Structures are given as C-alpha cells and as structure tokens.
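Here the chain labels run A, B and C in written order, and each chain numbers its own residues starting at 1.
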C-alpha cells in the first residue's frame, strides 16, 4: 500500500505536468525536444566534448551568438543572414506538410514538388535574361503553380482512384527525381560541378554578396515571403470558412459531409495548397539558397519538414518555432564540426530523435488521461469507503 | 542477353526478399513504409560485423559474407522493434512511424559509421568497404543459349534468398502462425476471438519484416555498392513497396513484379549501352517501376486489394 | 450437484453511470432452450457476456456444471464448452469457411514426416460432416466474402460446434435475418437441442421465444422480473413483464392538431453496396405538428430512410419532397437550408467533430452564414456568443463552456449539443434517429420534452427509434417497418404496443 502511494504521487505529478489537454500541444513537443537534446548532450559527452560548448557552437554557426573571431569581411550578420537563407525553405516545406495534415492527408511528396517546381522555374526563368523585377516574381508564380499541380494530382489520384496519397507521393517523388536528373544531365549540365547550370542572378531570390556595414552578406528575399506565408496560413486555417471546412474534413469526414462540406473538393484543395507551398520551398531552395540542382538528389528539407511539422503541432506559429530550432541544429552543425570537432552527423541524429519522440506523442497524449482516470477512480472508491466507515461509526454511536 | 539475366537476377532477388518482408508486416495489418530504414539498418549491422572481424578471416574467405547476412537479419529485426513498438504498443500513426524510422535509420547509421570508423578502426571514412563476393558460373548449363544467363556469374546470395523466400512462403501460407498472421490483416477481432494474441503476432511479423529487409539490404551492399554507406538509402525500400503493391501483397506475384522491375532495369541499361547513349538515359529506365505501379493502381485498383485492416490501429476494447 | 448446467447467483455488474445487472439469479437446465427477454438496454447482453467471460461480475457468483467459475475470459469459457455467437460476426473475410472455423486451433499434419502444415483438406471433410449433422447447409470451401449474412451466422455456429461447445449463447441472432432465414435458424436451434446442446437465446422478440424456447427469463432495467415456462405463459403476459407495468415516462402531450404536409416520401428505394434494396418502395408523409414515428427492429431499413431524406445516402428511385419542393437529388446543405434538421443515429461519427470545440460543433450547420462568416472570414466572437446562448438555453454542461473539446463531454451532453444545434435552426421538419440511445433517464426525459415542444410549435417530426416505449409515448402516427417496407401506417392511438410489436416482427399483414 505504501509503495502504491509513492507511485501515485509520481503519477499525480505526471498528470499535473502533462495532463492539461490545452497545454499538451506545447508540452509534448517540448518533452520531445528536451529528451532529444539531452540524448544529444550525452552523445557529446561520450565523444569527450562539453555539451554546452557543443550547443553554443550550433548557435554561433547560425549567427545567433558571437563567434570568437571572424574572417575578413564576415561577421555575425553574415552567418545570421545565411541562416535565414536556409531557414526559409524549411518554413515553406513544413507549412506544406501542415496544411495537408490539417485535412487528414500526409504529404510526403514535398521534396518532389519542390524539385519539379524549382526545375521548371530554373529552365524557364532562371536561364532567361528577363529583368529581375519580372524574373523574381515569375519564379515564385511558376513554382507555386507547378507545385500546386503536382500536389493536386496526388489529391486527384486519391479521390478518383482511391490511391493512398503516401504511396502515390512516393512514386511521384522518384519519377520527378529521375526524369529531372535525365533532363539536367542531358541538356542543362555544368560539366565541372556535374549539377545543373546555375540560374542567373536576375532570377535568384537570394541577393548575393551584398555589403552591409562593411560585411559581405546574402539577403534572402524569400524570408519575408515565408513570414507572410506563416501569417496568411495561420489566418487561413483558423479564421476562414475554407480553412474551417478543410479542418472539418481532416477531423471527421463523415461529420463534415453531414455539415454540407464537399469532402473530395477539399482533398484536392488541400493538396493544391500544400503543393503550392512546397513549390515556394523549391523556389527559395533551388533559386535562393542554391542556384543549381544536383541530379538524383531530393532535398532533405522535404523530409525534415515532417519532423518540423510534427514538433510544431502542424500549427503555423508552432512551425516557426520548431523550424527555427531544427534549422539551427542542421545549419549550425557545420560550425560545430569545424570549431569543436564534433561530427556533423550528430545534427541529423538529434533531429531524428526529436521526430521519434514526437511520434510517440499520441501515446504520451493518451497516457496522462488514462493515469488520471485511474487516480480519479481510486479517489472515488476511497471517498466511498471513508463515507461507508463514517456512517457505520455513526450507527454505532446511535446505539 | 546473358548480361540482362545476370544483372536482372542480382537486382530482382534482393528487392524481392525486402518486398517479402513488407508483405509479412502488411499482411499482419501493420503498414510498413519503414522497409528502407530496415534494410539500411540491417546492412549497417552486417557491415559493422565484417569491418570489426576483418582481421579474423583470410582475405579471400567468403565466410564473413555469409555471417554478415545472418548479422544483418538479426540487426534488421532488432531495428524493426522501433516500428513495432511505435505502431503496436504506442498505437502511433503507422505511416508517420514508418517515415520516422527511415529518417532515424539514415541519421543513426551515418553517425555510427563515421564514429566506428574513427573510433575503432582509426580511419576517417563514411563507409565500410566490403570484400568482393565470388560469383559462380555453372558449366555446362551456363553455355546453354538464352537461359545460360541464369547460371552465369551468379551471386551465392541469390540461392540464399531463394531458400529464405521459400521458407517465408511456406510459413505464411502453410503454418498455423502464417494463417493467424494473414487473418490479423483482415480482421484482428476474429483472431482475438479465436483466442490468439494479435499484438504478439503483429510484433513478430514486423520483426520478420526487419530481418528479411536486413538480408536484402546486405545483398544490395555486396552487389550494387560493394560497401556500406548512406548511399544504400536510395529508394530500394520504397521500390520494394511498389513491387509489393504491384504483386497485390502476394509472394509469388511480388516475385513477378520484382523480376519485371529488375529485368526492365537491366534491359534498359543494356539497351542504352548498345545504342551508345549517354549514361543519363539510364535515369529514364529508373522511373519505369514507379510509373508502372502508378498506372497499375489507377487502372486496376478494383482488382488490387490491400489487406482489409491495413493501417488500422487495433484496439482490443473496441469491436 | 444441482439440476442446472449454468447457475448465476446474485450477479451484479456496474458500468459508469448505470447498473447493467442488478442482483440477477437464474438457472439454466441442460438440454433446454432458455430465452433471455428484455428491451434494449435491459442488461441481457451484459449478463451473457459475463457467462462468456468477457466481463467479470462486480458481485455474485457463476456456476457451470456445479463448479464455481474463478477466471473470466473467453478462453476459459471455451474450455468450459461455452460458445457465443455475437451480434457482430468475427470472421476473416478472405478466408474460407473452414479456415475461419479452425482459426486459433488449427489441426496440423506433418509433411514428409517432419514439416508441420495446417491440415485443411481433412478438416474440410470434417466440417462438411458437422454441417450436415446440424443441417446448416454450409459449404466449407466457400470464402466468407461470398456468403450472405445468414450463411455467415451459420459459420459462427459451426465455429462453436467445432469447438465442441455444449452451451451456446445467441445474441440477438435474428436481428439481421429475413423471415425465411429466421425460420431456418430456429430449425437449426431445435436440431441442436435434439443433439443435447443447451441453448441460450438473447432476444426481444416474443414471437421467437414462443416458437422455440422452453423457459424464459425476463429482464427489465437490469433486474430479473420473472422466469416462466414458455408453454404456460401467454405472449401478453410476457410483454407486460418486459415493458414493465408502469410506463416510466409519460409526457404531457398537447392534443394532436395536424397542419399541412411538410415532408413527403414517395416510393423510395435505397440500395446497399451490394445492390440489395434495404429500403423498398416506402411512401409516407409527415404533417406539421405531427410526430411520425418509424418503429422496427434494428437493421430493417429505418436508418437508411432517414439518411436518404437527409441526403447522406443515394436514392435509387422514388422522390422526396420537402415543403413542396423536390429534394431527391439535392446536396446536403441545400436540404438543410430548405428547412430540414437532422439528429443522426451515430452522434460521434456523424453528428459531431469530436476534436473540435463545443462552439464549433454548435455552429456546424451555420458557420458559413452571416453573421458567423462574412466574405469567407469566420467571426469567432459571434460563434461564442451564439454558443453561450445555446448552452444556457439547452443546459449543455461541459468543463470549459463553449471552448470545451467535445470529445471530453459526456454522451448525454454531446447529444444535447446536437439537439440544440438542430432545433435552433427552427427548421419546419426535424428528423430524430434514436435520439435517446445510450442516455440515462434524466437525459431521455429532457430530449423527449424537447421533441414534444417542437411538435407543439407545429414542426413536422420524423422519429426513428428502436425503443417501442419511446414510440408509444411520443408518436401521433406510427409506421412499422419490416425488411425495408412499411407494413402498416396508422394513428398511434389505434394501435396497442402488442400490435406494433407484432408488425415489427412481420407477423401481421
């Protein structure tokens, strides 16, 4: 009985910490993040390094903390701007996953949609002489349209032929990957880099070699767009009729139909929006952060974005926070490697663990409720017992 | 012609055994997108074993290869426990779990490969080099016209795979366990009502899936790559899933699908070589299996039936 | 050793909120057909689930063949030769009859002396013999997906017989069968008795009991209210016991003043996925101020009628007219806007989005209208304002008011939310399907009062219910459905409960 008591107080603390359903959307990802950061710290210690220095170097590599010294013409701003540059596509990609997820769909094809959008924009606008004011917006539009088409094709396959969106998205990923590789290697290859020819500066969404306060830096124009997209998507999902219908279809297709929502239309729409956002990720990745496409490689951004979306609870604001963190780990790992000597691979390992713990979320979510129910039941029984014994005592007094 | 058969078989069979792994998991009702991760993790364990025991065998000995396959199967099964626990114990979304397991496998093996190389073997490398597998040619069968290719330059693992596949087929269709396993994929509640432990059956099925994928991954490491590195994660797991769907979740039909994929690929490569086309054209060959699978799903989805309870989270309390 | 093969002594089983079995004692003799009679929710299934080991009783003891049962699990029950045919069959659809029957205890043979394989061939013969012995007419090599419901049920019976069950429990076995199939089943049951089996039949159909049962225990609200010899007891007497002498909730009902016709259903046919007409040539109309109730045994097509009117099921032929306009092919929302409110049967999978807030669920029908949505933008504060008003008006209790996630609310309050949402639309026609299913008495009375209030306001109300009690106390007009057809439509005061019950069983023409 005593043992039981002790277990109870632990369970009670657990319930108090994780129980509130409102807070769970924040506590569970935090739980996952903390666990994986601790795991990462343990790994660093095993490798004989100080985890605090290790994590600090991640921040330094992203321009969030001052490094000890900088090479000529470089500084905090240089690092920070290049951090923003790689953060941008991650935000778009995670938003793409989130929109589909809200409608009950799993878009694992973000990488493919990024690639096809980026490729088409590269060969059309990227290799053209259009003036920058036309070329840049055109890149954005083309990527969005191509991405939306690729996305809605998956939606079409789902509702017309009842093909699971995960299967068709994976198939399309490979089809895009190899076809584009063929075209690049056959028509657009740069013989030295073995990648596609770089796009012109006119079409590129990241301005290169800009001088600010004596420092050379990049300016990722796409980042502004990403922040706008976050705000728009947040508003769209939470405050518009279409967003409401999308969520309704995702949460309960039957009840949505009952409420008069056309579920098939919403599946197409969600995949189109998701694809368009993936296209934007492609634009800022292949024609922003990079300027060329490596054949036969899908951007890992598309897959990491799943982790970001899960951690961010598929909420646009949450995604800003989780993508901020995940990008720090991936981007900062390069500097961590060169300055502290920790292997770069540790970064993707930490991200992978975050994903693993986040995937346990359903279980963690259900657990406190079950524990709470058990405790409540126990309390009721005990209260009843007390009452019984009390009334019995009372009877004896009467006698 | 002979080349097409030689290359086709050496690609089809590892793919096939991975797909059989997928069938085991999915016929038991657990969606398995994690084949890619399983095969990578399995091959990693096998490769680590050969790397660590390299000094104990003669340089030309084939024994390490066979042992590494056993280790790869064990390693794949072990790694599959993650997917099994997430899906069966934690009742997580099986699709998400599969993707997570793949991403984690890539990160984990990448990290461990360089760490083991640096820490244990004292070299800076992101791969484990495997010794070369012998290839067997059976005379006089190899001299036969056309079918001679089946007896020329055969990897020994091809026989292992055929043997394992026969055992897998027998276990799935002829034994008690197999019968219960397939029943789980259709109606787990019926299996429960018959007094069997559904969770246990599914757990074993996912581990078998990991073991078979590990074997397939190790074979790919020996045949296609000649080493272990993260280049092993190039989509063969997903290709196996395509083959499994193409084969309608049945072992013999899936073998057909794998042979089709393998021979189409080998024939395509040969054709490109024969026509003297640049290497880029091989990429067009690579899309064939995926396009075929998509078309099949579009036009024959009526005949194509996934296990009825696939991906459903089995909750004993529910009806 | 007592004369009983099964004896239950003072068995009590509680579930949160209700006492399913209250101090139940009864004995079943070897070789008899023993019926458990009672209305939905009387505790029959729970009692037999205890015998089959699916639940453990909170109090009391169960004896089988004079021995006290210590372990409650289906496996232990099977070991004691007890078998149960559930209402929902547990069959593997892509397996043959034989494979389904042997699942879990597959006979093995050794191939070549050492390889174990499941022996299907010899078993096929064994099962064919067994099927013959009990006249089940089941082909062992057929696949389950190719069999109809009646056949599937016989496979379940064979499953028990193959496991050498001596005590066979049937849970509402005739609910899904046609009259001919019922005859066939009752013959099988008699055949089993002839072979010395003990049979327990859970049902609420008096007619069947009269036909086959030897003795019968009547349950009402978890208590045994009588155990009688079927041959010596009249159907009327049993019906009285089943319903309970005092009808528990009589509602103040205003006099019936029908207005003009609001909803007309004309020659409606609805087919299921297999092309079988589940609603077959049904015609009726509902007037303002009238409660038109469809009575019938579950699965006779009543829910499909309601779904067809609401637009959730495709109509094969016939027309539906609402307020003078044909709506047979109209979209769900169009029907709703034209004045049709619908309280669906399955509130959790159709009526509510459980992960949405109460406020969002209360506005599920109106979220796209002003002032809740202006130019595609939702106005949450209007949602909440409206919700607070409905919560107040309909007394919906929840943890955090309109912000509560509906999943965390009790079943009664979830139902209140749906009723509030639908009634508040002030639609001239309201459909209620099983509005009180699974609710406690207080909640039931509340819903009944609201249905009557709407009637008093001149609404046309279509009520579908499996509870005869509910229908008798609310309806102005009763239509009895049997096997997809309305057998009888008559004013409620011209029919007695017994008469309605007989139509429900398809007895009276």
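Definition applied: a residue touches a chain if its C-beta (ideal position, glycine included) is under 8 Å from a C-beta of that chain, and two chains touch if they have at least 3 such contacts.
Just so it is clear, the model here is predicted, and its values are computed rather than measured.
K.L.:
If we define chain centres by averaging CA atoms, which chain lands farthest from chain A? Would you check?
P.N.:
C
K.L.:
If you count the C-beta pairs in contact for each pair of chains, which pair comes out on top?
P.N.:
So the pair of chains linked by the most contacts is A-B.
K.L.:
Averaged over CA atoms, how far is the centre of chain A from the centre of chain B? Could you give it in whole Å?
P.N.:
Distance between chain centres: 29 Å.
K.L.:
Using the average of all C-alpha atoms in each chain as its centre, how far is it in Å between chain A and chain C?
P.N.:
Whole-Å distance between the two chain centres: 45.
K.L.:
Can you compute the centre-to-centre distance for chain B and chain C, using the mean CA position of each chain? Integer Å is fine.
P.N.:
Comparing mean C-alpha positions, chain C is 47 Å from chain B.
K.L.:
Could you pull out which chain C residues touch chain B in their complex?
P.N.:
Residues 74-75, 78, 86, 88, 90-95, 99-100, 103-106, 108, 111, 115-118 of chain C touch chain B in their complex.
K.L.:
Which stretch or stretches of chain A touch chain B in the complex?
P.N.:
Listed in rising order, the residues are 47, 106, 108, 157, 161-163, 166-168, 170-172, 174-175, 178-179, 181-182, 185-186, 295-296, 303-304, 306-307, 310, 343, 345-346, 348-349, 351-353, 355-356, 359-363, 366.
K.L.:
Going by the contact rule set out above, which residues of chain A touch chain C in the complex?
P.N.:
Interface residues on the chain A side: 21, 239-242, 244, 247-248, 251-252, 254-260.
K.L.:
In their shared complex, at which residues does chain C touch chain A?
P.N.:
310, 312, 331-333, 336, 342, 344, 349-356, 360, 364-365, 367-368, 373, 376-378, 380, 405, 408
K.L.:
Please give the residue numbers of chain B that touch chain C in the complex, ascending.
P.N.:
170, 174-176, 179-180, 182-183, 186-187, 189-196, 308, 319
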